[in-house]
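Several structures are given next for inspection.
Across the two complexes that follow, subunit A remains constant while its partner is subunit B and subsequently subunit C.
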Partner chain A sequence: MPARNHTQWKANPGLEPGEWVDSRVYSDQTIFENEVDQIFKRVWVPLCHESELPKPYDFRTASIGGEPIIITRGPDNEVRAFLNVCPHRGMLIERRPSGSFLEGQPSGNPKRITCMFHAWQFDMKGNCVYVAREKEGYQDRLCKEDAGLRRLRCEVKFGGFVWVNLDDNPKIGLEEWAGEPFQCLRENIDAEPLEVFHYHKAIIDTNYKLWHDTNSEFYHDFMHYHNRVTGFNDAYFARKNFAFKNGHVVVGTFEVNYENYEGFESRGELSFPHLPPNQWYMVDLFPGFNFNLRGSALRCDIVTPLGPDKVMIEFRGLGLKRDTPEERQTRINHHNSIWGPFGRNLHEDLIGVAGQGTTMRPGTEPRNILHGRHENQTIHDEIGMRHYYDEWGRWMNRLPNNPDQPWQERNKEDAVAVAE
Partner chain B sequence: MHKNGADAASVVRDTIYRATMALDDQKWEDWLGLCEPEFHYAITAFSPEINKDMIYLQGGRKDMETLVRLLPKHNTDHSPLRRHTSVYTVDVDDDAKSATAVSSFVIYQNMLDGVNSHIDSGESRLFLVGKYHDTFKLENGKAKFVKREVRIDNRRLDKGSHWPI
Partner chain C sequence: MSWTKICKATDVAPNSLKKFWIAGGIPIVVANYGSGYAAMPPVCPHMEEPLEESGVISNCVLTCTKHLWAWNLQTLEMSGTETEKPIKTYDCKEENGDILAFVEAEILYDFDDDDDMDDDAFFNKSS
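Showing the complex of A and B:
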């Protein structure tokens, strides 16, 4: 077909519902605000890894949907999460990304979470233990027992990640939410403690779902030299995608032949526990979290949407806590040669989604984004995205290919089959 | 300092600045020509977020040769990088056979692609801040890199880069 005129360009692409989305889902300010309220403030979000706060009184800060959060490890070794907001006058309590409360701060005592502004202090369970000049100011009208922090649902699970839910009464528990897709990795990542060895972040002018889409499809292999030149073989193309309830997808394993990749070495010797040599599993969790175990290193991507056209992506690499220095070094090399900020693939992936973000700025003309490849659920099938947007439609009560219209379940024969 | 220390320090400075220009101009072979066969390269950073020293990229001379040889086969951001290097210290060993140096650098990205080249091209944006920690072999009046650690302050790296820093 020759280049199309405007009417042709805007027309229904001739695919089935569910096989394309309207680009407004990536660019509309109202849709973005709805996503924050209706999805991100109600789902389980992996905020960090327990190894980032290894000792009692360690803390880590993060945010979900703009709400600042502090995660602490108490003297009882329990990891807890609170809103990082002082109940007095709304000051951000802890400003650093991480640290320890073992030492006192200028306004407060050791072993206390202290708001620097007026020296209110809290223990590791979020109890308010000190209000400066309490009786003088509040007499008996308000006391510290009434001024605890806002506690949040928090669990350490699936390889030691710290999961937080802003909703006190989430639709479902964490195990029911993500247990089934994680089943393929559980004996690998829960066999022994893991440890984060890599962290960096990217802030990209694009929609968060476009990053998750990239993690959900391997058709973009053509962007990467090693993938397109030496990575394609029958076993690779047979690798399957499996859809799970709640919008999650697992990309099944196959054996990677690293000897075909110039400059790479086998990862067999340092495979994660119970993982056959050089195997590769990937879990894509709705609405934007990715766990990617490629033999010797686990990668985790966590998105924090900042606007319809802006996302922060945090990248972590993990190995086994018991690694020798030599083993750790090898894992780091395996991780970063492909996935590091100066590695071969990540740069290209980020250029890809930045380019999509350029064409889908707020105010740009809506257009059709195709998710219609069917290849028997194998590696270049776009089933992952179709399954994701069905779940997105339910949470948002919007049709992904016409977001002004309410969600309608697709016919069973057209819907993505969920793994049992 | 060795009686020839001042001269040796000057040679070290000259090599660091030549390396800066070769890297700016993407003359990778010229850059590797300033490096010994046992050269080791690493980009490192400390993350207060996870409280760890990290290595973002590392390799020996052969690894770097492979890396630069494959660059044309990769898709990459076309915006050139421009390094502003200032040599802070040069310490020449007493035997004048080796030296170490610490240099500060600021790297700007002169936008070509950007987010939208129509808007962004021509603008220079701050890309990286850090220090080079270099080790040299001194021989025949020349200084050659034995080791370079590029210690960057950034952990926010956005699109990153395929290029040696």
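Showing the complex of A and C:
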């Protein structure tokens, strides 16, 4: 294939619609703002894991689409989510990433959430319990009962993750939205309580969807040199992608032969409940959440888009809450040797998407990004991305390969078949 | 239970409060208001603030400095403009240099905690 001139380079790639996207979906500021409003503020987002707030009055802060959120565990053990915004003058109420309200703060009280600005106070259910100089300032025009926090839809589900939806009336319930793709993991992650043992985050100059794209295919293992020279076998590549409604994809399992990985050992003894030894499942949820169970350790990636070319990815590793210290250490070793910041794969995956982010900065010329590999739904097949961008097009009312045009349903024979 | 020794009278300086635990793990704060002693649960009835840290005593009046709720410890009347609830105390006396309180059961305050509304009902409220 000879090199191409500008006209040739910009031409359509000669694939079917749906088999490529316009790079503006990764670089355009307006498209990014639409994604925040039309997707992230309307879908269920796993913000953290319930083990991160284990005791009554524990809290964790996070955000969706730039809106600050606080998650609390009440004295009744219920996990609830609120906008982390004071109803008085719009102050960010809680500034710490996590902690406990059990002990009083210098400007607060035990068991209450206190806005440090003017000392308005709230309980774990979001009730306003104190307005400073209420009678003097508001006479009887406004009172505590009018000044509660904004509560958000919040459910603890699918292995104990805390799911929040900014939309009071989401168009689909959490179970209906993600229950089917999680079916393959449910008996493993819901058998007993899990616990987060690893957390780190990366802020990468790239588009959030490029991270999800990477998680949606495995033939980028050509980038993972050590995997390639020691870990590959036919079963690895024979795994299949299964598309589920709502844009989700599951990668089927196979038995990993860790003895073939230089310096690795079998993980069979610490398998998650009901999981055959050394199996590996992966759930990719639209619009960017990934659950990856490699035998003894569960990894979860949560993306928070910060701009068209900036994403925060939070990485969590989870084991069983009942782990002995020895079991936990082994699980951590298993997790970190592959997925830790200095593990076998993760930094290489980040190099991949950072390189894409470099070529697709805002303002760069639109070009075609190909998602056209068909290999019988195996992990070489880009079915996961095609399925994702069909869903993206519906939420955005934009054609992924021509985002100025409204979404049109793809021909039935071209559309990705959804698993039943 | 009955009259229980909490501490020595000299353990609590005038115009100060100190927290003690008696048998059964019951926490009791003793206040020395100069002309006498009071024994009470260890938290402010407003928002559970630990009184031995937040309480200030002056002219027999105990004030919780967080939101200025206040009570006269001699008469147990509410004091100031902010106070919305009375303070609860144990009967208390000084005997042979000891402070004794009459403790039948731990005195607790009822901090409002209304029941949750069903999610769908809550998120569909129009006003």
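Quick notes on this one:
Throughout what follows, the second predicted complex is superposed on the first by the 420 of 420 C-alpha atoms of A that agree within 3 Å, B and C clash if a C-alpha of one lies under 4 Å from a C-alpha of the other, contacts with A are read in each partner's own complex, and residues count from 1 in each chain.
We take it that a residue touches a chain if its C-beta (ideal position, glycine included) is under 8 Å from a C-beta of that chain, and two chains touch if they have at least 3 such contacts.
The structure displayed is predicted, hence computed values, not measured ones.
Taken together in the superposed arrangement on subunit A, subunit B and subunit C fit without clashing. When the shared chain is aligned, subunit B comes close enough to touch A:199, but subunit C does not.
In the superposition on chain A, A:88 contacts neither subunit B nor subunit C. When the two complexes are overlaid on their common chain A, residue A:310 makes contact with neither subunit B nor subunit C.
In the overlay built on the shared chain, the residue A:78 is in contact with subunit C alone; subunit B does not reach it. Of note, the Cα-centre angle with subunit A at its vertex and subunit B and subunit C at its ends comes out at 80 degrees, rounded to the nearest 10.
In the superposition on chain A, A:150 contacts neither subunit B nor subunit C.
Contact comparison for subunit A: of subunit B and subunit C, B touches the greater number of residues. After superposing the two complexes on chain A, the shortest C-alpha to C-alpha distance between subunit B and subunit C comes to 25 Å. Subunit A meets subunit C in the complex at residues 75-76, 78, 104, 109-112, 121, 123, 125, 127, 129-130, 132, 151, 153, 168-169. Subunit B contributes residues 43, 45, 47-52, 54-58, 63, 66-67, 70, 73-77, 113, 115-116, 155-162, 165 to its touches with subunit A in the complex. Interface residues of subunit A, counted against subunit B in their complex, comprise 49, 51-52, 60, 96-98, 196-205, 223-225, 229, 262-263, 316, 329, 332-333, 336-337, 340-344, 346-348, 350-351, 354, 357-358.
Those residues of subunit C lying in contact with subunit A across their complex are 43, 46-50, 53, 66-67, 112-114, 116, 119, 122-124.
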